[in-house]
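Here it is, the structure in full.
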Amino acid sequence: MIYSLSQLAEMLDAEFHGNPDTKILGLCPLDEVSSDFLVFADSAEHMKTAFASSAAAVILSKKPDDATKPVIISEYPLMAFAQLISVFYPDIEKAPGIHPTAYIGAHVKLGQNVHIGPYAIVEDHCEIGDKVVIHAHAVIREHCQIGEACEIHPHVTIYPRTSLDKKVIIHAGTTIGSDGFGYRFIHGVHHKLPHAGSVVIGANVEIGANTVVDRATLGTTRIGQGTKIDNLVQIAHSVKIGEHNIICAFTGIAGSSSTGNNVVLAANVGISDHVRIEDQVTLGARTGVAPKKVLKKGITYLGNPARPKEKALEHELSSTRIPYMRKHISKMQERLLELEQKIAQMTAEIE
Amino acid sequence: MIYSLSQLAEMLDAEFHGNPDTKILGLCPLDEVSSDFLVFADSAEHMKTAFASSAAAVILSKKPDDATKPVIISEYPLMAFAQLISVFYPDIEKAPGIHPTAYIGAHVKLGQNVHIGPYAIVEDHCEIGDKVVIHAHAVIREHCQIGEACEIHPHVTIYPRTSLDKKVIIHAGTTIGSDGFGYRFIHGVHHKLPHAGSVVIGANVEIGANTVVDRATLGTTRIGQGTKIDNLVQIAHSVKIGEHNIICAFTGIAGSSSTGNNVVLAANVGISDHVRIEDQVTLGARTGVAPKKVLKKGITYLGNPARPKEKALEHELSSTRIPYMRKHISKMQERLLELEQKIAQMTAEIE
Amino acid sequence: MIYSLSQLAEMLDAEFHGNPDTKILGLCPLDEVSSDFLVFADSAEHMKTAFASSAAAVILSKKPDDATKPVIISEYPLMAFAQLISVFYPDIEKAPGIHPTAYIGAHVKLGQNVHIGPYAIVEDHCEIGDKVVIHAHAVIREHCQIGEACEIHPHVTIYPRTSLDKKVIIHAGTTIGSDGFGYRFIHGVHHKLPHAGSVVIGANVEIGANTVVDRATLGTTRIGQGTKIDNLVQIAHSVKIGEHNIICAFTGIAGSSSTGNNVVLAANVGISDHVRIEDQVTLGARTGVAPKKVLKKGITYLGNPARPKEKALEHELSSTRIPYMRKHISKMQERLLELEQKIAQMTAEIE
């Protein structure tokens, strides 16, 4: 598919400058540029790179005076670019239909225009909303509710009684609703606690690949709408995640902890049990939070144990000063000794 | 299902106080209380919360003098509560039977009352014990032994020659017996070592979701009876885990390391290769252990590198004192300078 | 299978000493020795252990003068041992053939002598090379290319447009080509970026179990030939991994970072986005690298933040000195006070 600059601008309902017939063969990222392709730039630095590259044209937020290539102007260049990605490289659509090898249990309610792929499993008493896509080899256990237009990728396992609101995406290999890690140690043996609770996931949540969300002993593990979870994340039993959170890879949240809305957890963050994180908190990569802590609204924390950013940086900086401090101490000890000797001598002289 | 207080107490063979006809509609956790539901309390704090809540009744270990609600008395309130969870919210039982789409290889021995779900795979020469449940989409490769009453969840892969003792539970997406990460670097290329060993898992072990246990080059990777392993854990080739261990999420144990009995590894612990951990050791979250270390019986270690708890806390505390130390040093430098000047002046005066 | 010492030496084309008829029943590791079995030793310490054990014979690189057991001499004892592992414990071979329950989509090109197991899925427009083994329950989405003699284990998911060169091994539960974790936050909502890029994996790459490699928004996520990746690793979108890297468990590499050739990343290393790691760099366990850093060729880094090894060790050592420094400071304060008092007294006396 080849489009002209003016055709693309029209699709975006955007202003453009330069030859309207400029041919665009595709889109490319700034670090793998092909000529006759379109790139986007959302910073001064990217703009410079873009104009210096062999790209055919650039999407950016404001026309520069010295533009040396055709440009398309958009308030959000990346989102405009994303829109064009779907034009040039449309997703592989799964047509509605239940594959004859899919296993559908008893008392299952299927919505309109559902796709269920080969060997997928939907066990008894599930409700599947309209336009849901369940890929080959997904397993949905009993009594689950899958909302409208959800997409469940291969090798996902959803344990019984899980509920997904609409437009939830779950990537391959992820497990939702497995038993929480709960035992009671009595007379030398760890006794398993039953997990009869459920997992409830809000609308527009996306969960990456090979992640795990455990279900609660009783009550719910909850993930608020709009939250995005990366690959290889661990959400333990009874955790409550707020809305529009970002949770990066290798982050683990232990039992009964909660986050507010718009919380950002960078990679490999460790949150112990019964922690409460208020709205708009950000935790830097590898931050560690001890049990029962409360992290205050809007603050950025770093380090292990977690400290507000300024304190954490001061602490980090301090620790790099230790070698200098050791030199200072050593030098001062010499000076002290010298003084002590002088005074001893003076005292002797005076006497 | 609705039960009366006296009916529940009878099931538990437990003492109760208050109206025997109190209706109990279900169970709930203390942070999501519903009226007409039963809660449990195993600390003074929980007891206070429980009595202040709208719950219908409380299970606790000792009748308080000022009980304001009906109570059931049990030595282990949580375990009694767990027993009632199974009454109110029984597990979804999988009836014995081999689903017609399950693939059973040649020379497989199946015990009595086995459940094998749709599309599950049991390859050649496996032995499956009585009352085993193999869920849809589990894959069990050749020459495996699955002991009595084990439960294998969907999307588990068990590589050849793995042996599970009785009542082992393996959650969805977990891989048992994959090749260890072993190569030899010769002439610029990493040469793969074959992995012909096996994994042997003891009775009553439970392994969470999306965890990996590798098999050995030769010999065995072994997990002792009663040990409980969380989600997203990595157990490398030839590791020997003792009995009744607790191993939390994101913990990794490298090749040929071993733990004794009753060891606790909190989350995100990293144990290098050839480490020996003796009985009853506890490692706090994020503890790191260098290769070939020996951790001594009964001691709690923290930090990276791992230090006995007291030293680790002292070290941690010390490092928070650095800013103060810097101030002290700075102040002392001023005082020294002042003294040096005074003495120089005195010396001059004396002369 | 029983072999004599001389038969084994002949297979290896290697020199041997001792009774040529010595019966060898199998191979064993040095920490689980059985009599009548063969062991290998590649260090002075292992040699001592081997000769003191009940093993029947030893493979080593040089005949010791005081050998007390039959020996086989090989330049690379471990590799010779590995060769014999394949003799005594041959892999379970999967015979060529497409299982009748395998799902093969439209326009799929299958090479010669391919094995596709029960319930495996190969979707439309894939190309599968000669001698490829696709185990039961692997899912390969549309437009993938799987090179000659690749082995794809159960429950692997390969997303559309992924390309594997020859002899790639992917272990169970691993996900290749899932959408990168990319959103743009506009007006309170995280907008998903489409991921239309691909993953390209070089020859002889091996990827462990339950690992994830994301595909790029555009362009490629690339893994160079000969690189070996452990279990539970996260490779984010647009990452470029060089050739012959070693990447251990729980290591995460964020978007658009790159490594050169022969890079070693020990366990639980965290690499932020847009990092550039040059050839032959080694990162120790738990090293953390901040965004946009460049790590220089051939250097070993440790710690978080990553520092060249010498500096990191100095820093680590320094921090263990803090308690001593505190004592020194305290002692110096006393001495200073004493001096100040003496001088005050002397000044008074002089006046």
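By letter and in written order, the chains are A, B and C; residue numbering begins at 1 in each of them.
The definition used in the following text is that a residue touches a chain if its C-beta (ideal position, glycine included) is under 8 Å from a C-beta of that chain, and two chains touch if they have at least 3 such contacts.
Just so it is clear, the structure is predicted and the values come from calculations on it, not from any experiment.
Undergrad: Give the rotation angle, in degrees and rounded to the nearest 5, that superposes the C-alpha atoms of subunit A onto those of its identical copy subunit C.
TA: Superposing subunit A on subunit C takes a rotation of 120 degrees, nearest 5.
Undergrad: List the interface residue numbers of subunit B and of subunit C, divide the shared ones by all numbers used, and answer same when the ratio is over half, different when under half.
TA: Since fewer than half of the residue numbers are used by both chains, the interface counts as different.
Undergrad: Just how far, in Å, is the C-alpha centre of subunit C from the one of subunit B?
TA: Those two chain centres are 25 Å apart.
Undergrad: Going by the touch rule set out above, which residues of subunit C reach two or more other chains?
TA: 119, 137, 155, 173, 210, 232, 250, 268, 319, 322, 325, 329, 332, 336, 339, 343, 346, 350, in rising order.
Undergrad: So in the complex, the part of subunit C that touches subunit B is made up of which residues?
TA: Touching subunit B: residues 27-29, 31-32, 76, 78-79, 82, 85-86, 88-89, 91-92, 101, 117-119, 135-137, 153-155, 171-173, 204, 206, 208-210, 226, 228, 230-232, 244, 246, 248-250, 262, 267-268, 285-286, 319-320, 322-323, 325-326, 329, 332-333, 336, 339-340, 343, 346-347, 350 of subunit C.
Undergrad: Spell out the residues on subunit B that touch subunit C in their complex, using ranges where they run on.
TA: Within the complex, subunit B touches subunit C at residues 101, 103, 119, 121, 123, 137, 139, 141-143, 155, 157, 159-160, 173-175, 178-179, 181, 183-184, 186, 188-194, 196, 210-212, 214, 216-220, 232, 234, 236, 238, 250, 252, 254, 256, 268, 270, 272, 288, 304, 314-315, 318-319, 321-322, 325, 328-329, 332, 335-336, 339, 342-343, 346, 349-350.
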